[in-house]
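Consider the two complexes below, in which chain A is the common component and chain B and chain C are the respective partners.
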Partner chain A sequence: MKRKAVPYILLIPLIVAFALFLVYPLYKVVETSFYKASFLNPFYRQFVGLENYKWLFTFKLFDPKLSYFLSAFKRSLLWVAGSVGIKVALGLLGALLLNSKYLIGKKVYRTLVIVPWAIPWAMAAMMWAWTLNSEFGILNSILMHLHLIKAPVTFLARPSSAFITTFVVDAWVGLPFMIIMILSGLQSIPENLYEAATIDGAGDLTKFFKITLPMIKPVLLTVTLLSTVWTFNSFDIIWILTRGGPIRATETLPIAIYNISFLMVRFGGIGKASAMTIAQVIFVSVIAIFYIRTLEKGVEA
Partner chain B sequence: MKRSTRELTKKIIYQILALLLIAFLFLPIYQMLVTALRPADLPWKSPAPLFPEKITLQNFKSAFDLVPRLPRYLLNSFIYGAGVSIVSLLVAIPAGYAIARFHFRGRKPIMIFVIYANMFAPIMLLVPIYVIMKKFGLVNTYLSVILAGSIFTIPLSTWLVTSYMQTIPKAIEEAALIDGCSEFSVIHRIIIPMISPAIVAVLIYAFITGWSQQFILALTLIKSDELMPITQGLYQFFSRSSVRWNELMAAILMSTLIPVALFLVVQKYIVRGLVSGSIKE
Partner chain C sequence: MKKFVVFMLVGILLVGTMTFAAKRTLKVLMPIGGGYTIEDQEAIAKEFEKAHPDVDIQMEFVGWGELWNKIITSIGAGAAPDVMYIGSRWIPALADMGAIIPLDKYITPEKKALYYKTVWDTVTYKGHVWGVVRAMSTKVFIYNKALFKKYGVKVPTNWDELLEAAKKIYHPDQGIYGIAMAGKKFVSTVTQFQQYLYANDGRIVDENGKVVINDSKAVKALEFYKELSKYAQPGIIEWKREDLIKLFEAGKVGMYIDHVHNARKAMEKGIDVGFFLIPGGPDSIKRYSTVIVTDCISISSQSKNVDLAIEFLNFMTSFEKQKEWDLKLGFVPPMVKEKDLPEFQKWYWKPYIEAIKYGYPEAVGIKDWEGTQDAILDAIHSVLLGVTDAKTALDQAARIIQILQK
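Showing the complex of A and B:
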């Protein structure tokens, strides 16, 4: 056998898998976005050209100002900003803590921090639903014992608090990944840089801004972009905690796609859901370009 | 003297901050433990007591009485997780070997595509995947969720294998090739034993992810109760009027214990695979 052919033969399973279950479905989504079609009757469809894309900007539900799609998209952006903001801020803080020479028991902390990563999202959401329970949940109880609140808070019952609560829970799910990744970036900084800075009389803050931050910038950028995409795609957490409610307050784009595909069929159907999916694919692809560019510049661990 | 008190203050502050972080991360886990161990007939109190008043193991038994299919759901989840990890490995080992060891035309586009594929989520492809599975007659089978789920673990699995392989020297394989071994027996006899840590990491990563992400896939692809994964099965603890929280939390505890332990064992390799994501030559 010719050695030249070997890598291609080795890649056959990968290419077949991607072609069958990623590229072809993606092509189908593009195609369906030009048709009027329903999940209930997959064999009926009618070509409608750009109707579904027009629908994205014209169909209004409850909100007189923004279209259904645009309000879901806007909600998604805010939700992602909240969740990724917490993940990056706490992730950086947590990683710095776990890398500090002042912390005793680092190994134990490092192991503990990873635990939530391995809990399936759906189960994590159920655990949180109970933790957040307004009457019997432990979070309200803790807050009351600390005298931070006087009466129990109904975290998931009001639109604004449900919006914040769901992205905090999502941040909880993604935080271990962030901490561990940033930590590995911190561990790759050579110790002698800090020693040299100490001799020069630099304080902790100077060291952080002059050494730590520039050195971990590539890792920080990579994980932020990756996490933005994953967070944008988040479905299970919201679905289990609120199903997109109350009053659509947590209906992000993935939830809206699911609703229009399977539940609110008379408003949409899969043609319109496909047009929404294309919008999501475009958003994700734009971030992916930045992500791949960052990787190309090189993230050396 | 002054310096040592400053260091001591720092130590104390850092310790408190780390404990706060752990408190946030373990809040729902603590709630799960306390609820799973609390007698189900004890009335709920508001505000909830912070520490368990009484401890029982009864809920672990009554969870099975309440939802007799619980072992079946756990088995199903195991089948989905194991299936996804086997498919991921079968694809990732040869692909990772090809990317790490060969210079061929189209190598970089493939690498970029693998990274790009990692950005997709089930929700984006749910409808066409359903239609494809329907065409193949696979709707409502284990295979549908396993195949669809694997697509979302193959990218990182491939990456894990590639990056691990890049850390081991080529010398042994080259010697074997010179001795007349074929490329495929090199994989089988030399590569697979050498990259066994990466294989274990992929197995567990794909198992956990396949297990974690099957919620939405099973929601659409699985109709019959006998094939439901545990994540859907847990909904049986929810009834119209109430939720059996004690038994639900006991069931969650039982089903997460082993995967969490496994994950802790291999996390080092997963992290290494994730951070060495450079596509520079």
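Showing the complex of A and C:
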């Protein structure tokens, strides 16, 4: 009896922490999303039912066609697709390279590759802000010296280039994690599979598509899922590089939620920001469920 | 038994002294960064505690960028600090939500007379004073004398000459630009644009509370901002005003609008620096103009120690302490008497002090600064990027600000 209770006793701290730092705040957010509430008027709260959720689709201050929430959501989808796309593609490429038999000094590269991930995000973003700077940035300097460009490129000054630049920087920060995880997947593939394939006369491409890819599929799916969720929540990099500008080109959902709760308090407030947050949580959870399902199927197969 | 009684007595005495010695605490929120250090501010607290042994000052520090969020979240949580350092532009929002108390009855006529009238204007809302100014700034043009000489440019006295000067100095092939300008989504970008807005006699909201950010004066100011940006460093949207000093120090720009302490930084780097006041625009009858920005100290309505808070406030903002602070941080003196101090007689201080009389407060009458700022930034970006013309962009901003002013 006593022995059976031990695991549960050991679980208590985790459950308490989980309840305190996840369940309770989430409950508060859900609750607030049904109220009209604002930091500007902390002691006034009015129950408004689903008003805040309706507001998500009706608040069209900046764009007469698309609501504030939907345009931020659309921007987020594209931004996440761009960032995760780069992370997965380059992550796979990087991992294959680091796993290659012909590469010398693998340990050095494996250590180096983790550096961007080890730097605090805010610092990485600051570093990039100056790297990309048109007057003092090293990137423009290199491009000019190589005569690839005639005048410095102002990466963060134009809406489309700022949009791309911010997700590329985000990908830079998230890439090491991808490489390391995919690499561990690659290393777990038994060598004899490749040997057998070689004997059967399979080429490198066939081996990649028939052995490597199916074998690392679970890892690939897991890291893509995790990365999608993290990227969806990414805030620091955009905030430091552009603050959601120019105009509203990089105002993704997390930035929009921040603006609605702290800056555009008269239009928004925490009630509406909570509704936006819940919408984001639901969306991210749907992706999670979808991926977990696929993952389970993949394992069974 | 005897021992026990003695023990009890000593115990009671100890507990007794502890209760009597219970200190009155005062929570104070202060920003750090931009020259503000923890040490400087704690020194003031220590000194006050020394004079008031029964008081415990608990200072809390937060970066400038997080100050607004910190204030409104702590108020929302019912745990607002007694004394808060705030940007005066936040007064209307905080006053309307009942978060800070009016200070009229605590400010003696002597205290009032210490400051310039414009200084009080920056902290007045709905006829009440909501804070005591701690730091003030005016801004003027800083210029690179060597570049002006090289390209044969005279000190501009109106907007045409200003544009002409920027044009003449502009040599992008050599990495030399006529003027340094800001465009990043940041409060200081709005202030930079406001310099031209005010110079042309424009306002965001006029004295009667009417939104006038889209009138012809304002439109002309924004058009001029765009015109001028053609001769500025490329991609000004990447830059915030705080970083422009790097361009000026490197000798890459002819002129720009900034604080005196940055001008001195450039002097230390060997730049021959000159100053000129921001010239009035075509629609203004005033010769010069500047935006007056102040930060002030306010008292929370949640404070249970208002008298002590006032005492601390007066201590911090006494003539002696204010003088020390301004000299240390290089701020424009908000107190009239300060301008007679030897330091403020130095040539580089003169234009900044002279500018005070041409100044107009940054945010007077604006009810929701953060929202207003956001709307103006969008307008500036739309025009700089050529998405819309100045009139359309400012009409949109005015539409939003009108809602915010309700």
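The definition used in the following text is that the second predicted complex is superposed on the first by the 288 of 301 C-alpha atoms of A that agree within 3 Å, B and C clash if a C-alpha of one lies under 4 Å from a C-alpha of the other, contacts with A are read in each partner's own complex, and residues count from 1 in each chain.
We adopt the following convention: contacts are C-beta pairs under 8 Å (C-beta built on N, C-alpha and C of every residue); 3 or more make two chains touch, one makes a residue touch a chain.
Bear in mind the structure is a predicted one, so any value in this text is a computation, not a measurement.
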item	value
Touched partner set for A:R243, first chain B, second chain C, both or neither	second
Contacts of A:E135 with chain B and chain C, given as first, second, both or neither	both
First (chain B), second (chain C), both or neither touched by A:F18	first
Touched partner set for A:L61, first chain B, second chain C, both or neither	second
Contacts of A:S100 with chain B and chain C, given as first, second, both or neither	first
Winner by number of chain A residues touched, once chain B and chain C are compared	B
Partner chain in contact with A:A151 - chain B first, chain C second, else both or neither	second
Touched partner set for A:I282, first chain B, second chain C, both or neither	neither
Partner chain(s) touched by A:L205 [first = chain B, second = chain C, both, neither]	neither
Shared chain A surface residues [contacts with chain B and with chain C]	39, 42, 135-136, 152, 262, 270
Sites on chain B touched by chain A in the complex	7, 10-11, 14-15, 17-18, 21-22, 24-32, 34-35, 44-50, 87, 90-92, 94-95, 97-99, 102, 104, 107, 110, 112-132, 134, 147-148, 150-151, 154, 158, 182-183, 208, 211-213, 215-216, 220, 231, 234, 243, 245, 248-249, 252, 255-256, 259-260, 262-264, 267, 271-272, 274-280
Contact set on chain C toward chain A in their complex	68-69, 72-73, 75-78, 93, 96-97, 172, 175, 183-186, 233-238, 246-247, 250, 252, 367-368, 370-371, 373-374, 377-378, 381-382, 384-385, 387, 400, 403-404
Residues of chain A touching chain B in the complex	1, 3-4, 6-8, 10-14, 17-18, 20-22, 24-26, 28-29, 32, 39, 42, 90, 93-94, 97-98, 100, 102-104, 109, 111-124, 126-128, 130-131, 135-142, 144-145, 152, 172, 175-176, 180-181, 184-185, 219, 222, 226, 229-230, 233, 235-236, 239, 254, 257-258, 261-262, 270, 273-274, 277, 280-281, 284-285, 287-288, 291-292, 295-296, 298-301
Touching residues (chain side chain A, partner chain C) in the complex	39-42, 61-62, 132-136, 151-152, 154-159, 242-248, 259, 262-267, 270
